[in-house]
Amino acid sequence: MTTFEMVVDREVTEALETMMLIRRFEENSASLQASGKAGSMCTSVGQEASAAGVIRALGKDDLILTNHRSAGHLLARGADPGRLLAEIMGKATGYCKGKSGSLHISVKELGVVLTSTIVGGELSLATGVGLSLSMSETDAIAVVFFGDGAATEGIFHEAMNLAAVWDLPVLFVCENNQWQAYVHRKETMLADHVSDFAKAYRVAARTVDGNDVGAVHDAAKFAVDYVRKQRKPYLLETYTYRTRGHMEPDDQAYVDKAELAAWKAKDPIQQLEKRLLEHDAITVAEIEEMRARVATRIEEATAFALGSPYPGFDELTTDVYA
Amino acid sequence: MTTFEMVVDREVTEALETMMLIRRFEENSASLQASGKAGSMCTSVGQEASAAGVIRALGKDDLILTNHRSAGHLLARGADPGRLLAEIMGKATGYCKGKSGSLHISVKELGVVLTSTIVGGELSLATGVGLSLSMSETDAIAVVFFGDGAATEGIFHEAMNLAAVWDLPVLFVCENNQWQAYVHRKETMLADHVSDFAKAYRVAARTVDGNDVGAVHDAAKFAVDYVRKQRKPYLLETYTYRTRGHMEPDDQAYVDKAELAAWKAKDPIQQLEKRLLEHDAITVAEIEEMRARVATRIEEATAFALGSPYPGFDELTTDVYA
Amino acid sequence: MTTMTADQAINEALAEEMRRDPRVIAFGEGVATKGYKLVEEFGPKRVRNTPLAEGIIAGTAVGAAATGLRPVIDLLFSPFTTFAMDELTNSAGKLRYLSGGQFAFPMVTLVRTGAGWGVGAQHNHNNEAWFVHTPGVKVVMPSTAADFKGMLKRAIRDDNPVMFFADIGLLYAPGEVPEGDHLVPIGKAAVRREGTDVTLVSYAKTVHTCLEAANALQEQGVSAEVIDLRSLKPWDEETVLASVRKTGRAVVVHEASRTAGVGAEVAATIAEKAFGALKAPVIRVAGPDAPTAASFPLEAAFVPSVQRIVEAARA
Amino acid sequence: MTTMTADQAINEALAEEMRRDPRVIAFGEGVATKGYKLVEEFGPKRVRNTPLAEGIIAGTAVGAAATGLRPVIDLLFSPFTTFAMDELTNSAGKLRYLSGGQFAFPMVTLVRTGAGWGVGAQHNHNNEAWFVHTPGVKVVMPSTAADFKGMLKRAIRDDNPVMFFADIGLLYAPGEVPEGDHLVPIGKAAVRREGTDVTLVSYAKTVHTCLEAANALQEQGVSAEVIDLRSLKPWDEETVLASVRKTGRAVVVHEASRTAGVGAEVAATIAEKAFGALKAPVIRVAGPDAPTAASFPLEAAFVPSVQRIVEAARA
């Protein structure tokens, strides 16, 4: 199915609402951080199409591993904005009892297992999740989200190689957002695409426009199907950009203004709204309704999180050992 | 210069004596181990053409990093067999006062810096040596020898990538001997050649017949010249085979008999002797003289090492801090 | 009782647990090659060779442990753990806590260390204290063939990551091992010899040196009690404190470097909690703060000797 | 004296040493971005951003140090050292010894840790004890802006690998720093307050907690001496023992987890070498054996409090 046809696919209109939810959630988190009500967090503003497009291509038994920039993945997977925000604020009602905070949120009930903020950590664990799946009677797959910076850690190569040699059902999703904290990707690798690394491992790979949710969704459906049926790894690179900076707050003084502007012009949400309207796949009113729904959810989530208690001091030493 | 021409090059006849010296030295070390006079060591029997061919292509200011399988590199660089054997035996007269033993022998005066027996350790250090050279007024280069197994450690990729991004004058020499201790290379990577990994880093690379000293020497001269002039990394893979097993003693019960036999038939020393004789580049008598010279050196080295004292107990805590 | 080496005990323990529980798998560099018998019995999916990459070996174990398997990995020699520290500490040690208890990591990491092979500091580095100081992991280091078997079996059944340190010097020495499903609890020390005048606390190879020292002390009229910690995290404070309260003197012995070693923890705990009972300072007899040399005489000199222990006990 | 934050002190120290010695270079993830002023002054070759790969950052520093440069690398947060342990311990810590003294490794590794930022155990893990237990390296962890500057300058001039731990909670607090070429020796503790009844030994953030505790104790008629170790390997036994021989009591305080922490070494050494002078057991006040939570109240509760120190001092 081509991106053009995707446009009229109702899945894409759903994806729009998912992206709006992620955007609103993260901008809200950032303002809570700015007003001192929440600790720091990394947002995926500008990259929402990657999370929305890939996650909706997954089955409910598939397992997800992610990293420090995970709110989009979690929300796309159906996480409750209230519990997610509570976790970011270190509240007891958060998915990890507030112990994780914003950087390593996992939600077992949603199949979001093992989130690590150690760049590359998620990659070191994904092969193990893939191994468990490969040894049990299931067609579920493991999906691991990581950044272009993680691809410069040796563990990325160790993970790709093992997944290839052991035929592990792992979908590697590299969100190449051109930045690695305060260092531009171009300073860290000569190749433009992380997918270039797959060939030597004999792993199938593809780079897709990460700001076009339709294109991401198409590519992800193909990749998920490939991994599910072949029981082999696949590397999907979503080529995108981090438009809000690395971690709140970030004035982005070190970012090239022109580059940033050029990517902001390719904003995945605006792009999709425009396209849907052009194809009469949605009306302005419907978009407004979506925005309103999303706004209400975020307000409720914020109220829930702000109203939640912090964990008790007894939690200081619980959950250390099983 | 083609391999055929190389055959009549007197450099090759010199290379023959170097290879004979390495072979004799290592077989002698192994028998000393067997008779309990020396600890364990890894030999490069069957791989001598790689050391002999690459090292003679280097200049005297070039710096070498190597690993646990280093006797060939050291002897080719001109190490004294007596001090080398003494080190292997843990004697005070060894190059490292007996503290290294066989696995991490470095010899600063020969430019053999920083030998590590941590597989991949030599690769993690090579970029630093390259950085020092790249920041000083010299055309010297760094050469790092590593195995096919080291190429499956993430640090290999981190080293290749940094050398590429920073334009470091590092010649990576992968001695692909088909084994990684007790695991066959085919069990650890899908590619046949480690040189396949270079492309994504935009590093020039080549695989050469590692049992043909002429071919290795040609390729090494080209590679050394490239790194010296371009001040950029290069990956040279010498495709060969470890015919004596991993570490003394090793019955190689786990090794495929046919594969071993096939490679033994390609023994680099016999091959070269045969070729030189065919081209009348050497006489049987000259070969006999070489053997005799080598035998004498090894006898003298053995006497020296056996007669040398062990380090005193005061050495237990010296050389910890500068 | 059957007689076997510690190395055989390890293999028996692994085979028995793999037989008992299909979730137990084993992998590492050469694990399938050396464990070809295990491959024959359990198949190539449960016993695997790996690429030469400690980081992904450990990370794969952590990920597999969190999702239903019970991996036993062999990282060969303790200095090689340096390539797997993120996976062993940041992931296995912390992700249960950081996830609010959502995940458990039942896995065992086997490493070898200690004097005996003469190959130097990149194969012999008693770094067990790193892991004893690491939250969320357990650490054991047995001294007898029976404990190698019983503790490995117990470690495999533990729902937490266990670092299993094997002292090279003990691996090929034969010992008596009880028949049947022999299990040794983690966290319980063993009193190897009873005594009344001084308590010698140790683990691994040096437990045997302490027993020799105890014999020597006996001849000098000093009755030494010898305690084998065998489990280092958690460690058995109770047994050690009870003994010191009885003897009033303690010498803590290990091969690892002295500074900030496990002995520091044991000595500090004794000095704090048995203060009133102490008739003399708690003395540590340990390896020097230096890397280990390959040269045999230096490697041997690194390890606490009977004489040093005797002198410390009489000080 | 000028007033500056510890973070500014670090930058000043680095700039001064780079000015003094052309062999000094600095690199790490974002080092050139954040240190753009250094780039302007010293050029892009001496101040570099790197790929996101701690192993090769550290390994490159080790290789460069052995061949004429004096690298200062920034590994950001202490849990990230787990990707560089081979390079920092097996190479920087051991290759001088294993080569029989042929090479030296003048390099500094900067890492941050400790409560204050609320981002959890993968950014906050006081693992300094790992390195204190590692041969061939030195470890410092200052508590004042002046020491951040003076010790970093000294560390850069040291011919050995130095691990420089920066306590996050101290980085942005202003402090007085002497003018000029301010150098603070590695291995010498500072007596931050003199006292006669009890010795409080600490380092980094908790030195200030000890000073507060000393004030509280003062009001209760107890005179506490406060010692700031600041250098953890080597550490200043002499100063600590002299103080305890005077006061007869010691409390060792740090934020790192208690078991096998640096406090164990200090307490064990005091209990052994000042045994006769001790009127009460040496008590350790430390963080729990748990990872650190992101949740602010839990993160704060992890750190030793004034109250706990006071109670320990009066016990």
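A, B, C and D are the chain letters, set down in written order, and residue numbers restart from 1 in every chain.
The working rule: a contact is a pair of C-beta atoms (placed from the backbone, for glycine too) under 8 Å apart; a residue touches a chain by one contact, two chains touch by 3 or more.
What you see is a predicted model, and the numbers here were worked out from it, not measured in a lab.
Peer 1: What's the fewest number of moves from chain A to chain D, given that each move must go to a chain touching the current one?
Peer 2: 1
Peer 1: Please identify the chain with the largest separation between its CA centroid and the CA centroid of chain A.
Peer 2: Max centre-to-centre separation from chain A belongs to B.
Peer 1: In whole angstrom, what separates the CA-based centres of chain A and chain B?
Peer 2: Measuring from centre to centre gives 46 Å for this pair.
Peer 1: Taking the mean of the CA coordinates per chain, how far is chain A from chain C in Å?
Peer 2: Each chain reduced to its C-alpha mean, chain A and chain C end up 41 Å apart.
Peer 1: Report, in whole Å, the distance between the mean C-alpha point of chain B and the mean C-alpha point of chain C.
Peer 2: 36
Peer 1: For chain B, which residues are shared contacts with two or more other chains?
Peer 2: Expected reply: 97-100, 104, 116, 118, 120-121, 152-155, 158, 161, 165, 187-189, 320.
Peer 1: Of all residues in chain C, which are in touch with two or more distinct other chains?
Peer 2: In chain C, the residues touching two or more other chains are 50-51, 53, 55-56, 79, 82-83, 86, 90, 97-98, 120, 122, 135-136, 289-291, 293-294.
Peer 1: Think of each chain as a node with edges to the chains it touches; is that a line, ring, star, complete or other?
Peer 2: Graph shape here is complete: every pair of chains touches.
Peer 1: Taking the touch rule as given, give the residues of chain A at its contact with chain B in the complex, in rising order.
Peer 2: Against chain B, the touching part of chain A is residues 152-158, 161, 164-165, 187-191, 196-197, 199-202.
Peer 1: What residues of chain C sit close enough to touch chain A in their complex?
Peer 2: Checking each residue of chain C against chain A gives 25, 45, 48, 50-51, 53, 55-56, 58-69, 71, 86-87, 90-91, 95-106, 135-136, 138, 159-160.
Peer 1: Sort out for me which residues of chain B touch chain C in the complex.
Peer 2: Contacts found on chain B: 39-40, 90-91, 97-104, 116-121, 149-150, 152-155, 180-183, 187-189, 254, 310-311, 313, 315-317, 320.
Peer 1: Touching chain D in the complex: which residues of chain C?
Peer 2: 79, 81-83, 85-86, 89-90, 93-94, 97-98, 120-122, 125, 127, 129-130, 132-136, 233, 256-257, 259-265, 267-269, 271-273, 275, 278, 280-284, 289-291, 293-294
Peer 1: Sort out for me which residues of chain A touch chain C in the complex.
Peer 2: Residues 63, 65, 94-100, 104, 106-108, 113-116, 118, 120-121, 123-133, 135-136, 154-155, 158-159, 161-162, 165-166, 318-322.
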